[in-house]
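Two complexes, one shared chain (chain A), two partners (chain B, chain C).
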Partner chain A sequence: MTSDLIARLGEIVGPRYVSGHAEERYLYSMDQGTMPPAAPDAVVMPKNTEEVRQVVRLANELKTPVVPMGAGLVLSGLTRALKGGIIVDMKRMNHIIEVNPKSRYAVVEGGVSQGMLQAYLKKHHPELKHSMPDAPPIATLAGNVCIHGSGHLSVLGGSHSDMLTGMEVVLPTGEIVRTGSCSVAGQWFARSPLPDLSGLFMGWSGTTGIVTKLGIKLFPSYKHNDVLVFVAEDADLMPEIISRLTSTQVAEDMTPWMTPKPEWARGFLHINIAYGAHTKKELTFKRNLLQASVREYADQKIAGFLPLPPPQKGRFLKIPSPDLARFADLRKGGGFEYVGAIMAIEKFADAYRAGLAIAEKYQVSYSLGARIIGAGHCMMFFFAYAFNRADAEDVRRASDALEATNTAALDMGGIPWKAEEPAQKQIIEKMDPETFALMEKIRGVLDPNGIMNPGNWEK
Partner chain B sequence: MQHEEILHRCFRCGYCKLPGNYTDINCPAYLSFRFETYSPGGRMWLLRAWLDKKIDAGSRFAEIMFSCATCGNCVEHCAFPEFRDRLLLAFIAGKEALLEAGCAPPAVRDYLTKMQLHGNAYARPMKKSGEWARDLDLPAYSDQEYLFFTDDAGTWDPRGQEIARSVATLLRQANVSFGVIPQGLCSDGNDVGAMGETALFEELAKKNIDVLSKFNVRKIITLSPHSFNALKNDYPALGGAYQVFHYTQVLAFAMSRLTFSENSDPVKIAFHDPCYLGRHNADYASGRMMLQAVPGINLVEMDRNRNDALCCGGGGGNFFTDLLSGGDDSSARVRVREAADAGARILAVACPQCAVMLEDAVKVENLDQTLRVAEVSEIVMERVALTY
Partner chain C sequence: MHTKKTPIKFDPDLCVKCETTACLMNCQYIEFADRAEARAEKLKINEGKDSRVLHECLTCYACQEYCPFGNNPFYLLVERQEEKGILPAPKPIVEEQLRMMGPKGRLTKAPVSSPVVNMCTFPMLTGCVRGKLFEGASVIVGTDIFCNVMWLHFAKNSTIRERVPKMIDNIMSFYLSDADTNEMVCFHDECYGTYTSVADAYGIDVPFTPIHPFDFYNQRLDALKAHIKPLNAKIVYQRPCSNRLCPETDSTLDEIFEKIGADRVPRKYDRKTALCCGGVPRAHQRDEFADELVEKNIDDMLTTGATYCVFNCPFCMSTLGQEVADQGLMPILVSDLIQIALGD
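== the complex of A and B ==
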């Protein structure tokens, strides 16, 4: 069966771009997180939408699972082949198809990386930028949009899924569909005013189709950029501080962070506030607005802005920052995973305290923080735990801490983001039964053979 | 295996796959094959799995390991400062362990056998190693300031020989005092070492050191950046300490001695940084200085240049073993497309291996009508008013 599968996939994409070798089956069986390995039978790398369609049709014929994968950096094991089958690695589909500078959108193929688009815009459209996640630059745009990611323009533009303007998707049965304005007008400027079919493919963990193209919003790129760091000691103040800062509507990004290292940061709650402007005068104006919004706390001497030396400021302004990946080496063992819970802002203090308690209980190296989504509409609060992948006990501790964090997040009214397969089950338990029934109905219609990333979003 | 203690510390974040400006994939093997296994992080995890006996070392495993071009992009861009400098050393150690386990791709085995038996990759008799200089009437090394050292490709490959002759001619034109040793020197061994065959590398190096000692050589100009790297960085530990220069480093400061012909047509040229001169030895200036000294040359930069340069795919012995060829995205093919996109009419190289790799790629890409690969001294010589 496997040799037949490999041969037939080779007929579609060429033998160079399909593998059933032990090496690929091993490496694609896991990601950087704590989830146990689950190996595919084959890994295939299509070059275009038509090849994706043929792979999907073959999978239907053979009743073989299909798992779409971008850069494989989700950390929560969503691209593992839980029931074997074919991992469709999208990175050969890496063309930037269009940039529309007037309507400020870009259309890219499903394997285009964040870094590649950033470089392309810097070179060809320096007046434009897109929202980069904190993921490494090799992460794909499609993968990040599909998990409802967020990034450096999320105060300005919301989740990355909010910045989506349309999609081309190969359905589980092989049809190629388009969502948003491109399905009617040929241009990719908006998802409205049509029925929003894009929602069929975001947050579903690859169980409803394979995104082969997408349109995303672009934003003005400023000549002058700055970051302020506001520091408080009382977690209970944070929702109000965030509310005041976001009410100015000048920040592009706001990221609270709380870490035990470096030593000077221990015990404090910091908020990085990134903003930009076309002129120095405008930048000063925006800085004044931000500072004025929280001046009351400074006057009371219970919080204030941290003076930043230029090198530190430069590191905070670097997008993306390799410092975040370096957290993986905290335990000298190349691993970290986090629970990112989408939560209401007012839960900030609860989340912070829960994170500290869990880190203490499980004796894990931690980093806590959040990204504010929209004008304070919600946040992605993350609880990150580093581990040494060569130390099984250390991995187990981190895994236990993550599980406890998922439970705590749900108990606080949060929802684990890009949830691991076990956490998906926890979410389903909390979910309105009619909602889950609708999810199952939709999957049944879209994927009658149950081939798309099975094992995910199942009871 | 040496350096095995860092293997599990790789997070596979992927910074190593890209140049500093993230333009596109910059690891030759990963670019060509695209499977995660061929990325630097993939290699780290696979080596760890092999040592942990989770997977066996078969032919695929060996091809993945030996396809590393040792270009150093991963070292340059790895996000982990505590072990980034050891990435290539770990890969080379992995190859060494595979060789000890008798697990090498046939092309690697054949290459190493030729090196073992003949002292060069072309299986040619060493007594003919001076033939590249026929008709040039180059002086035998005696008391000149420099020895001119040609590598394997410069000594034996027809295109490499042309380049060696051109460089020698330009050195003479610039009144650089140098001589050659027509017999006795074998391969510098750089690529043998990069394949993990440490013992053979040391054997080749010691043979060369014996010859160089006999001639009391103090200062060496190398044709190839690979030779430059081995002689400069590895030979001292084996008893061969010299002042070593790549030819561009000597000629960059001798350009003022040249007279250029008038009415040279203006031309756009992009310089391709050789990995063993650039990333491995941090010289991004010499080749460009040579070109900028020539009237009529408009130096343009490709998106990936200097420490971000895309390797031609010939490093790590792949020039001889050809494990990276095939497919639309071999790095040589991508590189010539990039040069054409930059508007260059000439892609300048400073390494005979790069020259051969990129010239082949120009043909495959059907760019011969718009883009020419030329070695730096050839470009300069085309515009020099000869004085001898």
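== the complex of A and C ==
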């Protein structure tokens, strides 16, 4: 059956772009996180939407699972083939199709990476930028949108899924559909005012279709950029501080961070606040607004802005931030995973304390932080743990810590983000049964043969 | 173990007899209705009472220079701020920097030979120690030999008292005790101020001889006279707060500039009326005030037609360098300007 599958996939994409060899099956069986390997039967790399459609139709015919994959960097094992089948690696679909500078959107294929678009815009449209996540630049735009990712413009523009303007998707039954304005007008400027069908494909962990194109919002790229670092000692103040800072509506990105390394940072709560402007005068005006919003704390001498001379700001202005990558190698084994929980801002102190307690209990190297989404509408609070992949005991401790963190996040009213398969089950347990029933109904309609990334979002 | 605090060297009678109250009347950042008010505020400080000066002080060190009796008005002011818990900056900002700049115990004994150049906590500037100017120099650097004078900006005399003796001990035990010299060239004159002015006022023994960078450069230029190609350039000088602790060295800088053909163009905010670079008020959360200072200062620089903005203090250059560059002035350290004249 496997050799037949490989042969038939080869007929669709060409023999160079399909493999059932042990090497590929091994490499595609895992990501950098703690989830155990689950190998596919085949890996295929289509080059266009039609090839994706044919792969999906073949999978239906053979009743073989299909797992869509961007860069495979999700860390929570969502692109593992839990029930075998075909991993559809989208990296060959890497064309930037259109940039509309006036309506500020870009249309890209499903395998275009964050780094590709960033470089393209810098070269061809330096007045524009998109919201980069703090993932390695090879992470794909489609993957990040589909997991409701966030990034360096998330205070300004919300989650990356909020920045989506439309999609082209190959459904589990092989139809090619478009969502948003491109389904009517040919341009990719908005999802409204139509029924928002894009929601059928975001947050579903690849169980409802394969995104082959997407439109995303672009934003002004400023000539002048700055970052402020606010420092406090009392976690209970953080929700109000965040609320005040976001109320100014001038920040592009706000990322609280709490880490025991370097030693000087231990116990302090920092917030990096990035903002930009067309002129220095405008930049100063925005800085003054941000500072005025939390002046009360500085006057009370209980919190304030770290004095950073311009040369020291460079590391904080890098996009993506190099700090998480540095942390990922803290244990010198390349293992790194985190629970990112989407939660309300007022849960900040609870989340912080829970993270400290879990790190202490499981003796894991930790970094805690958050990315603020929108004008303080919610946050992605992350509990990151580094481990040495070559050290089984280290991996186990991190895995236990992650599980405990998922539980803690749910208990305090948060929702684990891009949840791995066990965490999905934890979420389902908490979910309104009617909501889950609707999810199952939708999936039953879209994917009657149950071929799309099975094992995810299942009881 | 309780260690008795050595009081700041200060004579209240000198203040009482003072007929000018120069320390406060010359202050560029706090206004007084008249000398009577300034004197009243000064006496409050002397007597350990609250004074608005303790709250409004920019901590620019200038009153140390203005005092005609060398009576350490600034050190006393900082002492009073700390006694009263009057924090110029928010506590977490101070506490985090205290840790950041604290000794790390990372030194290892290393042979050094004259001239030994102390780069304080500026490891990124060790490349400045090069060429004929610093021929044969040994460099020492790091938070384990940090002069710690910056705590004067944060009402932390206690930290100076606690850490400076340790730094001195480190300098001696790791470097100078086995060296061929008892002299240490301070790359930044804040270190020189520590081991001269601060040490004297706080009763801290210094077993080595600190050499001010200007004195070192000046002597080297005499030795390297044949190599000097005069710059024939106009310069403006950003005099730092640290130089207020050793004002006598400012005339040496004039000699240096003359030797290398740099014309220090007179301007409003140089010498005794030098303005703060803006870095410290930003730490005190007074960014808008810092902006005003920077604007006034650079506007003043631009009236001179100078090519270079010369810095003595690396922190001033870090704070102000980009701003002056944006306005067309080339930011440069004194040592690097000399290197240009020497062809290095």
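The definition used in the following text is that the second predicted complex is superposed on the first by the 455 of 459 C-alpha atoms of A that agree within 3 Å, B and C clash if a C-alpha of one lies under 4 Å from a C-alpha of the other, contacts with A are read in each partner's own complex, and residues count from 1 in each chain.
Note that a contact is a pair of C-beta atoms (placed from the backbone, for glycine too) under 8 Å apart; a residue touches a chain by one contact, two chains touch by 3 or more.
None of the values given here were measured: they were computed from a predicted structure.
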Touching partner for A:Gly304 - first (chain B), second (chain C), both, neither: second
Partner chain(s) touched by A:Ala265 [first = chain B, second = chain C, both, neither]: second
Chain B versus chain C as contact partner of A:Ser113, first or second or both or neither: first
Partner chain(s) touched by A:Asn288 [first = chain B, second = chain C, both, neither]: second
Partner chain in contact with A:Glu393 - chain B first, chain C second, else both or neither: neither
Dominant toucher of chain A (residue count), chain B or chain C: B
Chain B versus chain C as contact partner of A:Lys332, first or second or both or neither: first
Touched partner set for A:Val231, first chain B, second chain C, both or neither: second
Touching both chain B and chain C, residues of chain A: none
Residues of chain A defined as touching chain B within the complex: 16-17, 19, 21-24, 26-28, 32, 43, 45, 71-73, 89, 91-92, 94, 113-116, 118-120, 122-123, 136-139, 322, 325-326, 328-329, 332-336, 388-390
Chain A contact footprint on chain C (complex, rising order): 87, 89-93, 95-97, 99-100, 102, 279-280, 282-283, 285, 287-288, 291, 315, 318-319, 321-322
In the complex, chain A residues that touch chain C: 231-233, 262-265, 268, 284, 287-288, 291, 295, 297-298, 300-307, 309-312
Chain B residues touching chain A - in the complex, by the definition given at the top: 8-15, 17-18, 21-24, 33-37, 42, 45-46, 48-49, 54-56, 58, 60-61, 64, 79-80, 82, 303, 326-327
